[in-house]
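In the two complexes below, subunit A is the common chain; its partner is subunit B in one and subunit C in the other.
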Partner chain A sequence: MGVGPTVKKILNTYKGKIRLVIKNYPYKYRDYSHIAAEAALAARDQGKYWEMHDLLLEKSPKLDRADLIQYAQQLGLDVKKFTKCLDTMCHAGQIERDKKLAVDMDLYNTPTFFINGRKVIGERPFEYFKQIIDEELKNAKQ
Partner chain B sequence: MKTSLSGTSYSAMKRALLAALFFFFACTVIVAEEKRYVVPIGDSPQLGPANAPVTIIEFLDFQ
Partner chain C sequence: MPNNEQARSTSRKVREDRAEIKMKVRMIFSLRPLHLCTAPGFLIALLIFLFVPTLSVLAGDLEPITAVPVPADNPQTPEKIELGKKLFFDRRLSGDGTMSCVTCHDPEMAFTDGLAISLSYPTTKNWRNAPTLINVAFQKYLFHDGRARSLEEQVLFPMMSAFEMNRNLDFMEEVIRSVPEYVEEFKRVFGDGDTTRQRIAMAIAAFERTLISKNAPLDRYLRGDKTALSTVAKKGLEIFTGKGKCAECHYGVNLSDDKFYALYVPENPEQQEDPRIGATRRYVAKVYHYEDYRNLTEDPGRYLITKDKKDWKAFKTPTLREIAKTGPYMHNGMLKTLDEVIEFFDRGGGKGNTALKPLGLSEEEKRQLKVFLTEALTGEPIVIQYPKLP
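Coming up: the complex of A and B.
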């Protein structure tokens, strides 16, 4: 993945000025993409989306079912509830909605970012994001 | 006479139309760099103030 630290740095650098929104775009030919998205949303049900989000990016690609259940334990989630959600793919609807949106927008790469609607494809260095964000902040002030 | 007059104005109109099309095409090329997409946020997970000056929407695959 590798992009986690860059996004973290952006959020820390521009505290209070950035809203980050996550859409799931699990790649269909990777084994654990969908189940990992399910795990993040299952953690969200228990108020720990961002903790799980960070952990998944850190541990990727160790994302099989047993790994995910272990991460849920690590975050102090109700593991029974979490596992049930994982096994029934209880957020498949939302994930499919996100995927459809991505396909409709003709996106092929992850990560893809939209910064106030400006598209940035793939992993980029912090400075690349900084330039766009600084421009947007300048625009916002005018 | 009348025919040739209307013929002239027709071709002038055609030229104007082509010029307009070219103008819009040129604009599209210039603006393409700055295209802004509208991405519905819906109930997706979000972090940070809702009224933040910058919104970053990330399409993500954890694997």
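Coming up: the complex of A and C.
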């Protein structure tokens, strides 16, 4: 499940105190990573980003077009709309901008987090994030 | 100047004092200060030792002062260290350009990555914890399983490892050769511009030999500064060298005996649950000619290297220098905190091990030991200026 459950736990624990911004950084040498990013954003358009995110991680590496459409069906999405978005790469502009941002910031590893500017690379336990977030919340109050 | 008789008498007194001091110090400490002095420092320290023996009681187990060990065939030069630093930070050393040595040995995390199981090449998973590089120059064996005997040998392993940097070394040499600034630097350092893997390793090893824990309170204490340790830390030191039995393996300059022990740290469940780690385990076992690699479900440790039964699940005694900053601990990161480490040793290690016995430390003694480990073994911050890469 990757770091998804930890991120959700963070969001629940710090409800109203923390804002999550997700940037896409599909791995350049994996042929299906771009289309998987498109699928996640197409699902977001229909309000099911996290559901698709978790499914993509669970099913990886079965992430070709047919698989993604099947997952959209599984999640009860409007498949016609989803497929059109996938085929036209309707979020390619956003994904490319995200990738450029990552390269400009000299980032190469996923997941990478920035918590008020503090960089954390890799999946880490909730307690690890908690310590940083608590420190940053404390700093923000001062 | 004393006359001959006085000199002989003084000399005999010094020898007696010295013998007594050394005996006491060995009994009390079994540790040595971290000596990083240059030749003039050695002379000064020696003079103090000879003529002010009372100071020696405070100075600990004084022995000939040693500098950082450097192999004769790879002398340190500022140019080589600088080249090594650049290569250490350079992602060209990985197959897909996403990994450098820094990825897992981050200067801001005491040259670890702070993870139980280290970061890995994209789409793969590592299977062990990234050890700190601080004081790596003092280690006789490198890696948790001790498969390398020199830094020059060690450096190339992660580069060619399929689950770390995944770089073909022949190709890496040509990639580095295609960068004119590097060719010029190789000329300056090695006499010509040949960017061989051996030279790349030599330069990185030279840089790594500069990553030294300096002026930790323990060093100051052993050199004679009684105030360097707090009262609690001093009690922790007594436990470290006494009831806690830590110093039976963690001694010397680097607080390690450079030996291997099977403490039976529990397997990391992540290693069992993640099929990618299973693939890594089987791959490494196959590379090391472990016959039944397909059915291997645990980490055999040094056995993979020696095929000696006594080395089954044995791992190297790590340095304890900078221990407060280098968690999670053990070869698979199963012990998250120093409290967990102390508990592990207090109960006599993992199930089935014969290397350790329960210690019976009180809660107060555990606390004192932790204070010693965190307070006494943390040196000055190692500040690394990030290099400008060509």
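The working rule: the second predicted complex is superposed on the first by the 134 of 142 C-alpha atoms of A that agree within 3 Å, B and C clash if a C-alpha of one lies under 4 Å from a C-alpha of the other, contacts with A are read in each partner's own complex, and residues count from 1 in each chain.
Please note the rule applied: a residue touches a chain if its C-beta (ideal position, glycine included) is under 8 Å from a C-beta of that chain, and two chains touch if they have at least 3 such contacts.
These figures come from a predicted structure and were not determined experimentally.
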Subunit A as common anchor, with subunit B and subunit C clashing or fitting: fit
Residues of subunit A touched, compared between subunit B and subunit C (which is higher): B
Contacts of A:Ala92 with subunit B and subunit C, given as first, second, both or neither: neither
Partner chain(s) touched by A:Ala140 [first = subunit B, second = subunit C, both, neither]: first
Which superposed partner A:Trp50 touches (first subunit B, second subunit C, both, neither): first
First (subunit B), second (subunit C), both or neither touched by A:Ile22: first
First, second, both or neither for A:Val103, with subunit B first and subunit C second: neither
First, second, both or neither for A:Arg30, with subunit B first and subunit C second: both
Closest approach of subunit C to subunit B (Cα atoms, Å): 6
Common ground on subunit A, meaning residues reached by subunit C in one complex and by subunit B in the other: 27, 30, 110
Sites on subunit C touched by subunit A in the complex: 91, 96-99, 103, 106, 113-115, 119, 122-123
Subunit A residues within the subunit B interface of the complex: 1, 7, 10-11, 14, 16-27, 30-33, 36-37, 40-41, 44, 49-50, 53, 56-57, 60-61, 63, 94, 97-98, 101-102, 105, 107, 110-119, 133, 136-137, 140
Complex interface listing, subunit A residues touching subunit C: 27-30, 108-110, 121-124, 128
Contact set on subunit B toward subunit A in their complex: 34-50, 52-63
